[in-house]
Structures are given as C-alpha cells and as structure tokens.
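Presented below is the structure to which this report refers.
Per-chain residue numbering starts at 1, and chain names A, B, C, D and E are given in the order in which the chains are listed.
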Amino acid sequence: MIEIQNVHKSFGKLEVLKGIDLTVEKGEVVTVIGGSGSGKSTLLTCINGLEPIDTGKIVVDGTEVHAKSTNLNKLRQKIGIVFQQWNAFPHLTVLENVTLAPRKVLGMGKAEAEAIGEKQLKHVGLGDKLSTYPSRLSGGQQQRMAIARALAMSPDYMLFDEVTSALDPQLVGEVLETLKMLAEEGMTMICVTHEMAFARDVSDRVAYFHKGIMAEIGKPEQIFNDPQHPETQKFLASVR
Amino acid sequence: MIEIQNVHKSFGKLEVLKGIDLTVEKGEVVTVIGGSGSGKSTLLTCINGLEPIDTGKIVVDGTEVHAKSTNLNKLRQKIGIVFQQWNAFPHLTVLENVTLAPRKVLGMGKAEAEAIGEKQLKHVGLGDKLSTYPSRLSGGQQQRMAIARALAMSPDYMLFDEVTSALDPQLVGEVLETLKMLAEEGMTMICVTHEMAFARDVSDRVAYFHKGIMAEIGKPEQIFNDPQHPETQKFLASVR
Amino acid sequence: MFDTALSAADLIFLAKGAGMTIIVTAISVAIGTVLGILFGVIRVQLGAVLAAPLTFFLDIFRSVPLLIQLVLANAFMGMVLHLRFSGFTIACMVLSLYTAAYCAEIVRGGIGAVPATTRRAARSLGMSWWQDMRYIVAPLATRVALPSWIGLALGVMKDSALVYVVQVTELLKSTQILITRLQEPLFLLMICGAFYFIISFPLARLGGYLEKRWSND
Amino acid sequence: GTAQADKLDDIIASGTLRCAVVLDFPPMGMRDENNNPIGFDVDYCNDLAAALGVKSEIVETPFPERIPALMSGRVDVGVASTSDTLERAKTVGFSIPYFAFEMAVTSNDASGIKSFDDMKGHTVGATAGTFEAIALEKQINEWGDGTFRPYQTQADVFLALSQGQIDATVSTSTVAQANVKTGNFPGISVVGKAPFDTDYVALFTNRDEYGLINYLNLFVNQQIRTGRYAELYEKWVGGELPALTVPNAYR
Amino acid sequence: MFGYTFQWNQALARLPKILDGAAVTMEVAVLSMLIGIALAIFLTLLRLSGSRPLGAIATTWVEVARNTPALFQIYMAHFGVASFGIHFSPFVSLLIGITFNNAGYLAENFRGALKAIPETQTRAGRSLGMSQGQAFRYIILPQMLRISFLPMTNQMVWAVLMTSLGVTVGMNTDLYGVTQDLNALTFRTFELFAIAAVIFYLITKIITLGARAIAWRLFRY
C-alpha cells in the first residue's frame, strides 16, 4: 500500500506539490492526468525517494520513504519506475540491461538473472532481441525493455511517467498493450499519462492534478463523464 | 530567358537527368513537381552552374552556363536561388546576411547595400528584424530572409527548391505568400514544390518530373485536371 | 647516408634516456589518472562552490609553466621542508599532479556527458551511488573521456622533456649530452624527434579513431 | 638538548658522498666515450669520498641548478667549479678555494675578434649563472653595444659559437683550451685573456654545516700538501699550477 | 618551523625587472598566436586544396607539431637549423618554435571546426555569386574561428607557458629567463620562482577571463 499524506515539495521558490493526499491499495491501478508542470512527475520521483520532500510523508508498505533510517536502495527494489525518456544503458545489450540490477543489487547469479531477464523480455515481446544493443531498438522497444528491466526486480509497485509521450504515434500502441497486460495481471500501478482512452479503460481510479494540487480523484467513468472540478472540465475539453 | 536543351547529368553511375528540355520565358512562373529523387533539385543547381552537366546545354540570357569562358560568379548574380534547408549565415545579423553579397560581390558601399537590404527585408515582412541573429528567427522567417538575400542582388531569375518542406505547417503560409507576391510582381521563377494548391494558383506552367525525365508540362489546369502521362496521374492521386 | 661518430654505446645511452622518458611518463600518468579520477568525481559530487578550493589548487597546475612547477617543487621540498627526495621522485610527483589537474577536467566532462536521466534510471532500480558509478557512469564516461585521455598521456610524455631541470636524464637531455660530445646537433635531434614521433603519432591516431567511432553511436 | 648528528656524521653513516658536478665543463667535468663522468672535479670528489671512507656518487647538475641541488638535499657537497661570491655565500657555505681560473676569450674565426675589447658590438654568450656570464653581461651593458646571450650549458655555448650564432665567449681558460683541443668545434680559437678577476672556485655545502666546512678546508689544504692537487692539475689541465692564495690577505 | 629563511624583500625588490620579463613573454605569446592563426588558416587551406603534395606538407607540419615536445621544436629552431647556417636570435628562435607548435595545433582544431559547418553554407554563398575565396573568407572563416574560439584561448595560455622554454636557446629577457638570471645572482630560488609562478597564473587568468568577455561581446548569435 502506498500512502501519501499531505506532501509539500518546492524547487527553490516554486512550490510544485501543495499538499497531496492519496492512498493506493495493493492491486489498484491509479492514473494521473493533468496539465504540463502540474507536478505529476515530481510526485512519482518523490514516491521512490529520488526527490526529497519538504513536509508530509509517504509510506510504502509501512516504511516511511523519507525517514533518515530508510534504506532507499532497498525500498526502490520494490518500486519499479519507467520514465518518459528512454533510459536504456547504451553500453549494455538488452539482456544485460535487464540483468544488471538483479545481479548487482540483489546479488543473483548470472544464470538465474538471465533466466528472469529472458522471461521478462519475452513477457514484453522482446524475446528475440536479447543480445541487441539498445541503439538498434525503436523507441517503443526501448520503452518495453525499460519495463522489463523494472519488472526483473520483481517490484510490488510500478510507476509509469508518460511512457508513451516521446514515441511516434504508431509505436504508442505496443507500449500501452504492455501496460494493460500488467494491469490485468494485478500489478499495483500509478500511471501518469496523456492517453485518455488508456486511462479510461485500464484505471481503477483517475486523479486530476492541477498546479500542484490533486483537484479531483474518482472512478474513470465519473471523471470522464461527470467531472466536478471546473479545471478538470476545462482540461478534458481541451484534450478531446 | 532560360533555355535548357537535352541536359544529361549523372552522379557516378546514377543518371539523374536524362535529357531535359525546357524553356522559361521572361516573366513566366514554372512550377516543378515530382517524386523524391526525380532530379528536381539537381536541375536547379545545374541552372546556376553549382553542378556541372554531362551533355546538352543550358543558356541563360544568351550565356551558356557551362561554357568554359562563362564567369559563373557574374552569372549567378542574376539567378537567385533559395534552398530547402535554411542557409542563413549564423554569424551575421539578418541585415548583414542580406547585404554581404551586394557589398562583397557587387562592391556596393555600406549605406547603399543597407538601403537595398532594408527594402528587401521589409518587402518580405522582416523590417523589424534587421539586427537580429538568424538563430532567433523561426524557420519561416529564415526562409523569407533567404529570399530577401537573393533579391538583394537584383536577380532576373529566381529558383526555389522546396522552400517550405522543412517548415512547420503553420509557417508554410507566410513563405508561400511571399512567393506569390514575387510572382505577381512579374519575377521569372522556377519553383520546385510539393504544395499543389500553390502550384495551381501561381504557375503559368507546371512540369512533372519522373526519374530524371520531364514526363509532362502544361498549364496548371491541364496538369491538375487532365494529366496525360500515367505517372502524373499516379503522382497526383497520391498527393491528394 | 649520414657520416656519424655515433657508437653503439651512444645508442644504448640514448635508449636509456628514452627508457627514462617512458618510465617517468608511465608512473606519472598512472598516479595522475587515479588522482584525476578522484578529483574529478569529488568536483562533480561537491558542486562548483564547495569544490572551489580544489578547483583552484588544480588550476594552478594548468596555469604555471611546468618548468617553474618543477623548480619550485624541488626548492620547496629540499630547501624548505628538508626532504631528501631524488630528482626522479620530484619529477614524478609534479608530473602526476600536472596530469591529475588535466585528467580531473576530462573526468568531469566525461561524467557530465552521462545523461542525468540514465543515472536516475539506475538509481531507481535500487542501485547505490557506487553501483551507479561503477556500472553505468564509468563505462559511459570512459567512452567520452578516453580519446582526450590518450591525448593527455601523450602530452605528458612530451612535457616530460622538462624534467631535466631536476637532474633526470631523459631522452632530450641524453640527446643534448651526446650533442656536447659528438657535435652533430641536427642528426641527433632528428633521432630524438623521431623517437617521440614514433610513440606519439600512432597513439594519437588511435585516439582520433576512437573518438570518431564512439561519437557515431 | 640532545647531541645531534651533523651532516659530516650523516655522510659517514650513509656510506655515500653525493657530489654536484657540472659535466659539460671540460676538463673539470665531462663524459668519456661511454658517457661516464670524468674530469678534475670528478677525481676531486672521488678523493674526498676516499678520505671520508665512503663511496662517491656523481650527480650531474647544470650550472644554474648547482645550488638548488644542494638546497634540495639532492647532493651533500658541490664540487662544481663554483665561484665563491659574497652574494652566494649568503645562501651556502664555501670552503677555501680549491681551484682558480683565468678567464679567456674564445672567438669564431670568421668574426675577426682578436681580443677582449674586440667583442664590443658583437653578439657574445656565456653559460647562464656563472661568474663569467655575470661579469660579461655587465661589461656588455657598460659598452652599451652588442648583445649578450646566456645558454643553459657550457656545451650549448660552444655549439652556438661554432655554429656562428654567437661571435665570441668568455669562459675559464681551462675550459676554452679543452674545448678547442677536442677538435669538435671547427673554426674557433682562444684569442686572449679576459680582464676579469681571477675566478677562485670553492667547494660548497650548507651554510650552517661548520663541521663539514672545516673538514673541506682541511681536505683542500691536504690535497695541496700531498701533491695530489698538482698531480690532478697535470693530468687534466697541464702547464703552470695556479696559486690558490691571495697575496696580502688572510684565508 | 622551516629550516629556510624566506627573504621575500630581496626577491620583491626585483619585481620591476620580472614584470619587464612578463611583458616580453606576452609579446612572444601574442605574436606567436597571431602568426600561428594565420599559418593555421594557410595550412587548413592547403589541406582543403585537394592537392596531394600540398596537403601532405600541411599534414606533416601538423603531425610533427603535435607529436614532438615543444622544447624539442624550440631547440631545433635554434641549434638544429643552424646546421644549415641559418641563425636566429633567441627571441626569433623561441617565436618560431612556439609559432610552429601553435599553427599545428590550431590547424587541427580548424579542421574539426570545418566539419561542424554544413556544406550548404558554401553553396549558399556561391549561389549569391561569391567566388570560392569570398565564400571561405566571409562565410566559412568567421564560423570556423567562432567554433575554434575556446581551443584558441587554450592555445594562447599554452603559448604563454611555452615561453618559459626560451632559456634553452639563450633567451633571458622573458619572464622565466629574467627570473633565472636573478636566481643566478641571488640564489633566492624559491621566492623568485614563486613570484614568477604567481605572475604566470595571473596572466593565464586574465587571458581566460578576457577571452570570455570577448566571446560574450563578439558572438551574440
């Protein structure tokens, strides 16, 4: 369970998160939508402790993320994250990309890590690219590899930050399919996305962010058919 | 008058122009359309002698372009050309871009060149950008600057090579407007373009190139409404 | 072709000088690279303000002629601190710091060339700072830095010609000694220059080649 | 305080005497065809080591680096034909003179220089940091005509002289004779004396090492008494033995 | 604490002389840069000329300059070429040595810079009626110098540092030479060279900061 309680966060003078409260249950898929600069990405990087927060707290499975005593490297093993920019490690093959963290962080043996890596890469449809270098992959393939890389750590939670927005339109579909598959398998997920159809189909709940505030959260039918907050209405009108 | 007579041209083994015949009268606007690699750009660079030809001849106002005795630098002063890629000189301001050739090639004084430069820049709608550097201009503004730069040499002919194809859609219009204006002022022009509406509206004649051959040439109404050559029909069907 | 009094013993003498050039270079580049990586990482880690003293210290080695660095180090160690270091030791110490100063810049550039987002991805997989450095930053930064580093190593070899001021008889000094005896300056200088060239040129080419190859993918 | 070992003790204890010697200064210091150090100063250092009962080690030092080599602890004693100037004595401690030089003018035959005064208006050179270089540069400045060039080594000076880059040089007469004699430098000759004071040269060590300085003084005296000085002079220089005492003066 | 008594006043009393030396050092460095840039442009043109022998000459120059020690080049300029009966004064020898080095390094920088300038720039110039020379002079050259500005600044710093090698060819009027002469007189090695070091440091700082200011004023595009 991820519990976010009254989180405030500023970059210098700019307050980016202005008191966010959100609880994500095990097995739930929460989609976050909202305008550019509303703080969506920042929230995700706070959840796995890549960014510090100012006040409030974030608790993941009973561990307070920003407590001094927390071993962040350990915590991050259970929270996978995939970013908008493809972050392939260019000097490693696809399989090596995926097995690096299991081997070095979890201390797995080579054979074991490769078995897991292959399984995850097949899972995302890259079973035939194991020894290819990332520069030979399309953007969509790179994103799927990044997903497999995160999955290879057997995370309990997955965070996705606009994983399709840097892709060519024809590559978006394959990545969204992968996300859908994960959701169906019961993964707990927070997805920041601009793909409204995806949000509507896959989410248990949809949250709308506006200028550092979670303006509205609810079932997808409610948010998309009957938005309460005027900003949500405006936003949905603009993206349709 | 530009007379092109049975021009052949190869790059290595690849024959790019396979016997082109075309005469452009003073004041005429000829538009060249055709598939990628059909030799359109090559023809333009042959006309002002930037590329040599293999056989045939090109005569501009009685001067044979590729004759040994021809002073190409002099000839090029009367043939302006604007390319697809914006070729702004990045180290010079907009006004300096435009006045450089008049000053160094025609030996004009600074004041005179600047008067002409300002006039031409105003003409293309850049009167307020004189001391800006090109990097601060949009693609459309850079193309208009390139047009002004060519006009500042008071050319008798202007060649345009897909001047809008590298532009964002919303910037295409402003450049086409400038071309239209030049056509209305009576400039003799050869325009390579993918903008069919423009070709139809502005041209006196439209030529269709296919694999190094001028497959068809005629009034725009005829070419667009009643193309004779099967390739022209296919091409026009594909771009509609 | 040349009528020369150069004897086999003289050639051995020259070879010894060349050996000294190579040894001084190898030691200095080895130590300097280790220090340079350390300083470079510290500078990146601390940020411009906190690392300012280190930056200033390293900057000195790039802003004062090597000849003066050697003379001063020599004078300081001996006259002021009364440490009995051999000229060879002083030469290696100064050249090591000299190398480190340039190497730190190269390392900084290399680390800077690794996209922040890639490092973020590594950390988000649970890798520690050290693992990120070891498995992601080091291999990627090396590609960027290696060509410059080769250039630096060759530069140090050429600059090692100056250690004669602390009584280390390297190649150029050996050549000068032979010129004293044999009075064939041009011929001897050609041999000496050829030696530097033969070592430096192929490696410099290799650096250029690597730079081209790695900047393409 | 506790009794401290001084440098003399250190040398005896370490078993090695390290001498600064200039090796491009024939016949005082030079190299044989195997590039091993030889010369008057080399023998003198060996004698000193033998007297101390230790091995000797010759450390080659160019002229400008002699004193820095001592000050930086690289050598124990300078046996390097070093003029005992008062300016330098502020920094290092000198023994009594162990050798004395006359200064000679050597010129390139093509220059037409036949005497010291002929050098006026010409380009001349000497070894940077030496007694004669300092004196010659001063003379050129007094004449106000001509150019002075200091080279790093005595060898470079003679190289430049034989190449015609400089027209003449002033050096110790022994060096001049020795260099001309080698035949390495065609077209140069010793043409006369330079009217500089006799250049007395002394051994040197750290200013405060009185024990060692005392020892050096006695050693120089013994070399003369035992005839070894005359023997070495004959071996390396030849001719009339210069006096090492100054008339009408102590020390 | 130290067994050495610093006598800064002795050394500082000689500061005016040392500063005169600094002026000579700057003179050599600036001249060697100006001539070096001109030669580097010339070498670049030779390499662009398409002529094999001319290109080979330029390439040899560049490779020798970059692959042998500067000290060697300076020594060669004085004692090496004198074997042919060509005599240069220490000042000229030093200047030749450093200029040779500068030209080689700069020519290589220029080559890299040219690669960064699109071919279409020359085309655009030519199509306006400019001759090949005019297109190079007014369009390519300024961009090339702009791209090479930082390497040129570094080279200028190196030129300043390289002047210290002049002592090997009998130079005694530059910053290092003056300092060495004074050292021979007084043996205040540490103090004198420390002062010289500080002056060298200040000169290089002035050059880098000055270059930054110039770049800021000059290259506003």
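Keep in mind that, in the parts below, a residue touches a chain if its C-beta (ideal position, glycine included) is under 8 Å from a C-beta of that chain, and two chains touch if they have at least 3 such contacts.
The UniProt protein names, listed by chain, are A, B = Amino acid ABC transporter ATP-binding protein (PAAT family); C = Amino acid ABC transporter membrane protein 2 (PAAT family); E = Amino acid ABC transporter membrane protein 1 (PAAT family).
Please read these numbers as outputs of a predicted model, since none were measured by experiment.
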item: Shortest path length from chain A to chain E (each step joins two touching chains); value: 2
Residual chain clusters - chain C taken out, nothing else repositioned: A | B, D, E
item: Longest centre-to-centre distance from chain A, chain (CA-based); value: D
item: Rotation, 0 to 180 degrees and nearest 5, that superposes chain A on copy chain B via CA atoms; value: 175
item: Computed distance of Cα centres, chain D from chain A, in Å; value: 81
item: Averaged-CA centre spacing for the pair chain E and chain B, given as whole angstrom; value: 46
item: Gap in Å, rounded to a whole number, between the CA centres of chain C and chain A; value: 46
item: Cα-centroid distance, chain B relative to chain C, in whole angstrom; value: 55
item: Shared-contact residues (touching 2 or more other chains) in chain D; value: 68, 71, 156, 159, 163
item: Multi-partner residues of chain A (each touching 2 or more other chains); value: none
item: Residues of chain E touching at least two other chains; value: 4, 79, 82-83, 189
item: Chains grouped in pairs wherever the two touch, ordered by label; value: A-C, B-E, C-D, C-E, D-E
item: Complex contacts: residues of chain D adjacent to chain C; value: 23-24, 30-31, 33-35, 59-62, 65, 68-69, 71-74, 153, 155-156, 159, 162-163, 184-185
item: Chain D-facing residues of chain C, complex; value: 7, 9-10, 13, 71, 74-75, 77-79, 82-87, 90, 164-167, 169, 176-183, 185
item: Chain E-touching residues of chain D, taken from the complex the two chains share; value: 63-64, 67-68, 71, 87-88, 90-92, 123, 125, 128-130, 133-134, 147-152, 156, 159-160, 163-165
item: For the chain C and chain E complex, residues of the former touching the latter; value: 60, 62-69, 71-72, 75-76, 79-82, 154, 158-159, 161-162, 172, 176, 179, 185-186, 189, 192-193, 196-197, 200-201, 204
item: Partner chain C, residues of chain E touching it in the complex; value: 2-4, 63-64, 66-72, 75-76, 79-80, 82-84, 157, 161-165, 176, 179, 189-190, 193-194, 196-197, 200-201, 204-205
